[in-house]
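For reference, the structure discussed in these notes is given below.
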Amino acid sequence: MTIITPDTKPAAVPGSGRVLLAYLTRDKLALAAAIFLAIVVLAAILGPWLVGDAASRLGLRQRNLAPFSLESGWIYVLGADTLGRPILARLIVGAQNTLGIAAAAVFASMLVGGTLGLVAGYSERWYSHLIMRLADIVMSFPSLLLALIVLYTLGPSITNLVIVLAVTRMPIYLRTARAEVLELRERMFVSAAMAMGAKPARIIIRHIAPLVLPTLVTISAIDFATVILSESALSFLGLGIQPPDFTWGAMVANGRGYLATAWWIAFWPGLAIMLTTLSLNILSNWARTVADPQQRWRLQKLRKAAR
Amino acid sequence: MIAYLGRRASHSILSVIGLLTLVFFLTRLTGDPSALYLPLDSTAEARADFARLNGLDQPIYWQFLEYLRDLLQLDFGQSLRQNRSAIEVALEAFPETLKLAVVAITLSTALAILVGSLAAARPGSLFDRIASLVSLAGASAPDFWVAIVGILVFAVGLELLPTSGTGSWTHWIMPIFVLMLRPFGLLVQVVRGAMLSALASPYIKTARAKGLSRRKIIFGHALRNSLLPVVTVAGDLATSLINGAVVVESIFGWPGIGKLMIDSIIQRDFAVVQSTILVTATAIFILNIAIDLLYAVLDPRIRY
Amino acid sequence: MSNASNPILKVAGLTVDFLSDDEPVRAVDDVSFHVSRGETLVILGESGSGKSVSTSAVMDLIDCPPGDIVAGSCLFDGVELSGLDAEARRSINGRRIAMIFQDPLAYLNPVYTVGRQIAEVYESHGAGSGKAARAKAIELLRRVGIPEPESRVDFYPHQFSGGQRQRVMIAMAIALKPDILIADEPTTALDVSVQAQILDLLRDLQRETGMALIMITHDLEVAASMADRIIVMNGGKVVETGIAEEVFSNPQHAYTRRLISALPHGDATEAPNRRSTKIAGETLLKVENLTKDYVLASGAFAGKRTFKAVDDVSFEVRRGETLGIVGESGSGKSSVARMLLGLNEPSSGKAVFAGENIFEMNGKRLMAFRRKVQMVFQDPYGSMNPRMRIYSIISEPWVIHRDILPKSKWKGRVAELLELVGLLPEHADRYPHQFSGGQRQRIAIARALASEPELIVCDEAVSALDVSIQAQVIDLLADLRTRLGLSYVFITHDLPIVRHFADRIMVMKNGRIVEEGQTSTLFAAPRHEYTQTLLQAVPKPKWLTQAG
Amino acid sequence: MNRTSIHTIAAAILMTAAAPSALAQAAQEIRVVLPEQPANLEPCGTIITNVGQILSQNVVEPLTVIDPVTGQPQPKLATEWTSVDPTTWRIKLREGVKFQDGTELNAEAVAFSINRMIGGKITCSNIAKFGDAKLTVTPVDNLTVEIKSDRPEPIMPTLLSVVMVVSPKTPADQAVNDPVGTGPFKLSTFSPQTVVLDAFDGYWGKKPEITKATYVWRPESSIRAAMVETGEADLTPSIAIQDASNPETDFAYLNSETTAIRIDTAQPPLDDLRIRQALNLAIDWEGLAQLFGDDVKRASQMVVAGINGHDDALEPWPYDPEEAKKLIEEARAAGVPVDTEIKLIGRNGIYPNGAEAMEAMMMMWQDAGLNVKLTMLDVADWLRYLQKPFPAERGPNLLQMMHDNNKGDAAFTIPIFYRSSGSYSTLADPAFDKEIDEALAATGETRTNGFKAIFARARKEVVGDIPMFHMIGYTRVGARLEWKPDITTNSEIPLANIAIKD
């Protein structure tokens, strides 16, 4: 009997860090997006330590200070808001709430929605139907009403805002996960596991969930952007985060009345939101290209043979 | 087919009933409307009168049973705020939102299909990059921010468009534009992605082997096969527009159902909240069924 | 018949790379061939040999990048194709050179009727449109043997059977009577009997129109039955070229020789016998009156319409024996396998394994049964979780059945199993996609062996593999049977494969057993008409048929 | 066609399309843009700003009106009033007044209107001004009615300013959206987009210049301002301070609203006077005022000047952070739990820049050494804290409030805020209650001085609240209109007072 060895070297796996980095440098836009997001994340983590309490210190004498002047110190370079607090400092500190809320909401809805979707897709018992009807209900339940109910019954807090945003985004994950499971459970390796005697729980957790996850993660990148925007829309309607807590969305919402007279108050946080969501979208496009074997070559070096 | 429609309809009705029940009890957790409807210095007696007049003095399960009984007689309750039938209020506002949503979704889908397929035809080209960047940037900005800046620039600064309100077709331009931004941005990406994968499909090889022109391959073969995911996403976006054109309606003074909903919610006008949800949820479920039927039209392999 | 002096297509020095991060992958390396009118050229090669890429290059179907045509010329009817502009190139495709593909379901646009897709060929080459094109399409469909073409012209691809779809593809290709028809594995996905019909059709059409036919295949029998001349490709290079009969009777290149020797020959004396040597008398599995109904549609008024996938099937397997179940698609052979493994519920019937009815087992008993019976699936790509390492895949039975092996011994046992199936212990750390198809099937066998089974059900276990690999895997299975005393139920559509491996063969059609018997008896004197058709459907070399 | 010309044409098309809406406002027609859609047009709800601004004095008229300067009641549909005895008032009605449906105004109609208000069959906001008084109305003759109350009602003529007289054909048992009154305008359309009023030819008084008024609503202040600026509207009664950037068109007016923070005096550490004083002293009032505009007046009491009982001489709290810190330390030394978390409860959208003000005050109090934590609530949630019964587990709290008294008399303020029975009051001082009761029963000078004394005691001794500012409203008035806002603008915009410049 012949011993057959696998091909000499395993092909470059599009999961290893070095390869991904190389792909990233080939897409300048994605690279810029990644760098921007890295800065924002850093700001969110280090922000409060960087600027101290500058973000909440009152400066009633610096109300609506115009940007690009260094007279009051570098921290005022983007101007000051209606209470004279430096916008730069508030952007840095606000990044934490903004990204934190979005991340927590996306994670929670992915976790809950994904789990329910796995169950609803794998099983055909009564509770699968119940889950689907529940998803229908949540889909047509106005998020504003939910926001108000939560705000009233549970009180204004960041956790409750996360609950609202997570619940409203949940059906997306639920439906996607379910659709994936419906397809995956017909795959042969699932049959193989069943033939081995694996229990449904094991099949779902060990065999199906790891394959559903990448799809959900891809959605979550775009959803992250959606959540930031929904959060700012809630702020606009007065149902979002409540002072003294703030996010970029709340900064835009509160500054919107000044667009005609002190544009910078709403402009900078609006720009921050826009660049962040734009970067996320660009990066998720890039990730899709990486994941697609048909398109991956676009990010590769493509060195031609000598002629 | 008919069996399928029947099943979908019964699921939808079940969901609507579940939704209304949930809304009924949840909204009543948000406090006593009498505090909002009577002046702050009203007497306890006036409050009791108010509760009695509006049936709020009954236990909540009794109120719910009465609501159900009235529903069966197609009585959807009275608006506390507007002194008239709640369903009438909701049905009056709904077409206004529907008009906006239909125009915005149709336009953005059509535009996105055009831009997305042109971008996918030459992936990586300058057009592709600019189209992606611009459409995504539009989809990334808070809509109320865009709306207010738009008014300040186009109505106040350039005096090209009316600030807000309804009337001539010029009143439509800004609200539609703002409503289109996000759907358009997302749809361009969906179209582009679906087109790229369709263009990599085997049947495109066949079309090329047949000697079809590039235009025919892109718009005849690839596009037709890319429409399914586009319809799915456009449907989801339409759903969210039906529910949530509230920002645009509120800023532009468009008397739609989103604005009605938020006003009723804040004012605890329960009957109107329930009626608007009944109307929008019904519309959403009809939309979903219509989308399923559209799938079957677009893809002959799908049969119910 | 060959007319080498005046070829209509002459490809010379074609070299194609595919670019990526690493060194360019050379798919086709300095390939030259030519074909003349009325001639059939077969390009023979296994997967990855570059045979399809070379013809795709002729058709201008390679996307550059990531493809890169490094060198080569394609002279078609005196015109150099590589220098043409897009418009001129387009006017050749479909009109003068046409192509058909392996998987017509994927290669036909699912959302358009076949009539429209055929008419499109006329329209895009200015040869008629509207009603005229439709009428021509109906004529074509009639010619390629689609029944009731007037109504079927408005059907969508998914409404046809596999063979009919390939006929539609052929109709589309010959619409404008091309000079050359390129057929890329046209019969690979089809049942043997359908394959014969399609090959006949191609031969007839070639006779009628005098077109040149370039046929790409990995199947030596198909190649032999069609080729005037043949080129053999391996690793992107042409390793052998010549008149078909000469190549087959006297292969020059080692690779060609290896291919031809791997062929499960019709002549029993030439190949090694892999049948069991010791069969105990004891019955391991006894299936009685197994039936599976599928409900097609149930309406309020119409009542239930059911379809019998498996219809009253009874058989037995003895310890140490290999039972071959042979049938074409839709014969119900896979349904039998799934029911035996407890993946599907039977509608009625019994299956007694070691004295107990499988279908009545539950809980502990069922778990014990699942250890004793394992399955090897058709698709080595799909039957393993792509996210799991080989170690986790092979050790999974031990996770499920805790009592087989203490965890401390897993690592050693995985290494043992890998060696047993001809792989290396260090492969345990890799992922499935890093292995070739044959290697993956070995891993699947190792996994099946992990729970120390008594019976392994192989469902088309080698069908997706290249010919030379098929033989190796069957060798492995035969060897394991001897060493471990296993029994097999070996399910396949390919009669020759089981000839030297199965002890007994059961032929299934439409859910029923049509014939059952000892392998040698069955091959020597097939009683049932269907078995005879199956045996005859195996393509015969062209030079033999023409001579006879 | 090149690109530039396409642009030009596009612009031209837009211009022509936009033009009609601007030109459509013929000389005698005006458009008013309000912040909110009136929920309904029930005349019994005219004390609600967005109802009153449309109906009051335009469609329906009250029996009396309050003079914005003196705070004294003036004749409207009632021409004379006399107090027959402490509980009975006799009202003489104007002659020759017709309702818009042709019915005559007479004693029966007035009795009908009052009985409709107090009947309890409809939700009537205006009646709240009467408190829990029981009224009986008897027509004496065609143009005279007698109103009896179950207790002395010295300010009955003032109260009559909320009695909107409606046609007797109005349904008595259900609220209406098509009011018929005696005003110079009659309701023409009420849709979710507009309310249109047309001049009423049979009006008894002077014919207004304006013949038609269209009301629309936009919640965003910047858009209301823009609409007046572009000529899409002629008048908006309320814009935010930051939008009031054009002195030609934007007018500030003292709008009778007083902002304040209520201190929950029942909860430690707020039960300690020193802490309450410190709360008042720790605010940088001058800095804070910038949020509300240069024209706001620092408040020392809960009513504005012009209201009977307002004390001009009463000094507001100064800004003295050192003193505040000192007081807190004293309290700490005396064992007051100074570090307890104090909830500052704000309300979303209570007044422009309200949330910012709360944030600023929270920071200032934190600087002074108090543990104040801001919570912003939705209206309905906030009301639970505002009104009795208060939530049981409320803890020490400070509540953002705004009080609007444009009815001429401090009686609409003092009992609610300071009497122990008052629905907003956290005080429980029988002596203070007695002082309040005496002032309320008095008339004339005694009444005025009594109120003044109460305000002084509330400011200096009780310190149960933190009066902030007498607020300023901003209006934007189109260049072609001649109109100035006043203290009543929050509750009515009589179209008759608007003139059109030539």
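Chains here go by letter, A, B, C and D, matching the order in which they are written, and residues are numbered from 1 within each.
Methods note: a residue touches a chain if its C-beta (ideal position, glycine included) is under 8 Å from a C-beta of that chain, and two chains touch if they have at least 3 such contacts.
Quick caveat, the model's predicted, so the values are computed rather than measured.
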item	value
Partner chains shared by chain B and chain D (touch criterion as defined above)	A
B-C or A-B, whichever has more C-beta pairs in contact	A-B
Most distant chain from chain C, judged by the mean position of its C-alpha atoms	D
Averaged-CA centre spacing for the pair chain C and chain B, given as whole angstrom	49
Approximate Å spacing (C-alpha centroids) for the pair chain A, chain B	22
Geometric centre distance via CA averages, chain D-chain A, whole Å	45
Chain centre separation in whole Å, for chain D relative to chain C (CA means)	85
For chain A, residues that touch 2 or more chains besides their own	148, 152, 256, 259-260
Contacts with 2+ other chains: residues of chain B	30-31, 148, 152, 156, 250, 266
Residues of chain C touching at least two other chains	none
All chain pairs that touch each other	A-B, A-C, A-D, B-C, B-D
Interface residues, chain D side, partner chain A - complex	220-222, 225-226, 240, 242-243, 245, 284, 287-288, 290-291, 346, 348-349, 352-353, 355-356, 358-360, 362-364, 374-378, 380-381
Chain C residues touching chain A - in the complex, by the definition given at the top	17, 19-24, 26, 65-66, 68, 70-71, 338, 341-343, 366-367, 370-371, 374-375, 377-379, 382-388, 396-397, 399-401, 422-424, 427, 430, 434-436, 438-439, 442, 444, 447, 451, 472, 475-476, 479
Residues of chain D touching chain B in the complex	11, 14-15, 17-18, 20-21, 37, 39-40, 42, 47, 120-125, 127-129, 131-132, 174-177, 191-193, 216-220, 222-223, 226-227, 229-230, 232, 378-381, 383-384, 386-387, 412, 416, 423-424
Complex interface listing, chain A residues touching chain B	29, 133-134, 136-137, 139-145, 148-149, 152-153, 172, 222, 225, 229, 232-233, 236-237, 249, 252-253, 256, 259-260, 266, 270, 273-278, 281-282, 285, 288, 292, 294-295, 298
In the complex with chain C, residue positions of chain A that touch it	1-7, 10-12, 19, 22, 187-189, 191-199, 202, 206-207, 210-211, 296-297, 300-305, 307
